[in-house]
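Let me begin by presenting the structure, written as structure tokens, before commenting on it.
Chain nomenclature is as follows: A, B and C, assigned in order of appearance, with residue numbering initiated at 1 for each chain independently.
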Amino acid sequence: MYDSRSMLILLSQVFIFAVLAMSYDILLGYTGIVSFGHAMFFGIGAYTVGVFMKRFEPETSYFLLAVLVTILLTAVVSYFVGLLTLRLKSHFYAMLTMAFAGLFLVLAEKWRTVTYGNDGFTFRVPDFLKDRTDFYLICLASMVIVFILLKRFTNSPLGRVLQAIRENEQRTESLGYSVLQYKVIASVVSGVIAGIAGILYAVSLRFVNTSVFTMDITLDALLMTIIGGVGTLVGAIIGAGIIEFSHHWLTALAKVHWIFERWIIFFGIIYILAVMFFPQGIVGSLQKLKFRKKKTTAVPVDSETISQGDS
Amino acid sequence: MNTLLKLDQVETFIGQYHILQGISFEVPKGEVTVLLGRNGAGKTTTLRTIMGLNPAAKGSVQFKGEEIKSLPTFTIANKGIGYVPEDQGIFAGLTVEENIKVAVKKENDETRQRLDWILELFPDLKKFWKKPGGLLSGGQKQMLSIARAYVNDNELLLIDEPSKGLAPIIVEKVMESIQQMKDKTTIILVEQNFMMASTIGDSFYIIDDGRTVSNGSMNLLREDEEMRRKYLGIA
Amino acid sequence: MDVLINLSLNGLATGMLIFLLAAGLTLIFGLMDVLNFAHGGLFAWGAYSGIWIYSSTGSFFAGIIGAILTGMILGIVTERWIIKPVYGNHVQQILITLGLMLVLSEMLKVVWGPNQISAATPDYLSGSWEFGGIIIIKYRVFIIAVGFAVFLAVQYLLKKTKIGLVVRAGVMNKEMVQSLGVNIQRVFMFVFMIGAGMAALGGMLLGPYSGVIYADMGMEFAILAFIVVVIGGMGSFTGSVMAAILVGLSGSFMAYYVPDLALAANMLLMAVVLIFRPQGLFGAKG
């Protein structure tokens, strides 16, 4: 069924996407921000390492430089994009991030001298990344380290403020916190980690093209986070596992029947049901069974109502 | 039946805030019942709960003997309850005519008569008939809001602080209109302006910290200075 | 001169197609506070179902009607089963409509296969007229005419009918409209249906215009529609027309003179508007 090599590659993919999903979870699960432009940062990481390996030597030193540049670039971009757009209502932010990601995609397509357009380019990697098993271990380590770091981040006072923002933004603001600043911080942390995932992804393929900037990447992150469980970090890892394994198995089954080619519909439907009934995903729902909470139902009102209060 | 509306131990939450913690009162048909109380006591929320905009979590709300607590707002409105909210709820981009048209349920003679009557009372509305509601002054908006609630043969009107922010002469006009409506419909009036409330009100309920704490006929309150000071902060 | 006229007509036609998609989006947002990220899916489904009916029956007109009906039905289903359950929660609603977009696009591939499908204009609308040396493509004029007709029809609906009045009032103050006894849920359904029908019509008209239809066409046009909705002002019907024509024309001229900048320019325009004047150029809501 599997040889150990393809399993190794598959698991590496799982770890890489787990990192991406965890970065998305910081935004969506912990701060309550819906970004449709996450591919932006993933792509920046992928192209940076690709360009560095291609333009310069596939040496460790240049690789580390690429990592550094990625962190800088993603931080800067996420900072400025965040500063400009996070003050807007969620709908607008979603649209704008979608547009920005689209801009990066167009940029990658047109700037052929650097990116080779849609076709993309292959590149060689430094020696220490060449062995599949070593790379697998590096991906695994990355995922674990990112998990530990983010877990600490979310449990820190800063992380708790983000969660408060997710629960009730107005209240958090009225308690004296500059909500915009905190959101930007979340955006930067999330963007940088996504960039790292992009680096690993490009290295795993030794190839990069415009697909790293497409909506598909953002959708992947979305599906994984929601299905696995928002706001748990573990959920992101589980979600990545589920999606990647299903992708692998179901496309293999496509030889049996063409319908499996469209495996993503299955997840699309699960995703819709999850958003509707289990916004907390698998992990969250299990957690919820432990600790019951009360909910109030929504009535069609304008947002001013909540602050209207009483007299 | 004499009691048109009855609230029994009503509790309402807005988000996690326990705004109403026990509201009980009865509104007799044909009278003006005034809800008094300090800022933040829960008077507006009480009206919104009756209308179903902030549904009651506990207790009962009965209109003509029927439980309306869990009904959607539009159904409650169609049972014959008109609402004049604190901010008047005027559709700024629509003309005065259109504002009223949205409210009209049956285009028959009776409605036309009621419209004519209220326009006589508020001639300004006739003057601004084709002008956008947003151009009206505060007092005119109040008149429009009242007219809109009145134009259907609603059995109960909920009016929230109609005198707020208005010049005394306009307040008088609004008061006069409510006075004249008394024999055609039952009214619940939320007011902080005690002078106004005591003039047209028949009975009162005082709401404090989300609870009904006192009630009686308006005469009682007119005489009892201590009660006024305690619950309304005035002499 | 020839070039200018053709670019203008092209721009206007494209603008009309964007308008058909954006108008529904803006009304739905203005009234329901819902940004339907699946709107592009309705567009694509309109194209596919319309072209399929056209090629099966040979009647272009039947294709158009079929497309509109498909859109309306999908619109009703979307509003009732997808949007209503999460009403009030912006995050859930943004997420769920995007998920629906994904499912709708993929379902197209299931039903009609993943490859592009070619579409041709009917004979009586093909070709062009010639006026004093200037060539005018018939189908472009047709699109502009249909778009304009729809605009007039919806404008009439909004200004002269009771339901239109209720919709306009609802955009301004949903609560008050309900307090006046109007079943706002029904109005939502109605507006969604009309918006969906328009989107589907847009897709159907685009098909023969561009010659091919493909599953992702919805997504691409949707982004343009978002841009238009933002520039025109969320909730403003007339704003969406003006902005659509603006975007259509500018896109057409830029594609000719400075092709690489076209899409980027639109996106930048949207970003600028969102950041500095979020209520749009003609907006009713912020």
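Just so it is clear, a contact is a pair of C-beta atoms (placed from the backbone, for glycine too) under 8 Å apart; a residue touches a chain by one contact, two chains touch by 3 or more.
What you see is a predicted model; the values in this text were computed from it and never measured.
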Using only protein Cα atoms, the chain sitting most centrally is C
Looking only at C-beta pairs in contact, point me to the busier pair out of B-C and A-C. A-C
Quick one: which chain's Cα centre is the longest way from chain C's? B
Take the average of all CA coordinates in chain A, do the same for chain B, and state the distance between these two points in whole angstrom. 51
Inter-chain centre distance, chain B versus chain C - centres from mean C-alpha coordinates, in Å: 43
Distance-wise, how many Å sit between the C-alpha centres of chain A and chain C, to the nearest whole number? 30
Name the residues of chain C that each touch 2 or more other chains. 173, 175, 178, 184
Residues of chain B touching at least two other chains: 53, 73
Could you pull out the residues of chain A that touch at least 2 other chains? 299, 301, 305
Chain C contact footprint on chain B (complex, rising order): 51, 53, 72-74, 77-78, 83, 85, 89, 91-94, 98-99, 101-103, 105, 148, 152
Chain C touches which residues of chain A in the complex? 28, 32, 34, 36, 84-85, 88-92, 94-96, 98-100, 102-103, 106-107, 110, 215, 219, 222, 226, 259, 261-262, 264-265, 268-269, 271-272, 275-276, 279, 298-303, 305
Given the complex with chain A, which residues does chain C contribute to the contact? 29, 33, 35, 37, 82, 85-92, 94-96, 98-100, 102-103, 106-107, 109-110, 114, 173-175, 178, 184-185, 219, 223, 226-227, 230, 260, 263-264, 267-268, 270-271, 274-275, 278
The chain C residues in contact with chain B across the complex are 162, 165-166, 168-169, 172-173, 175-184, 284
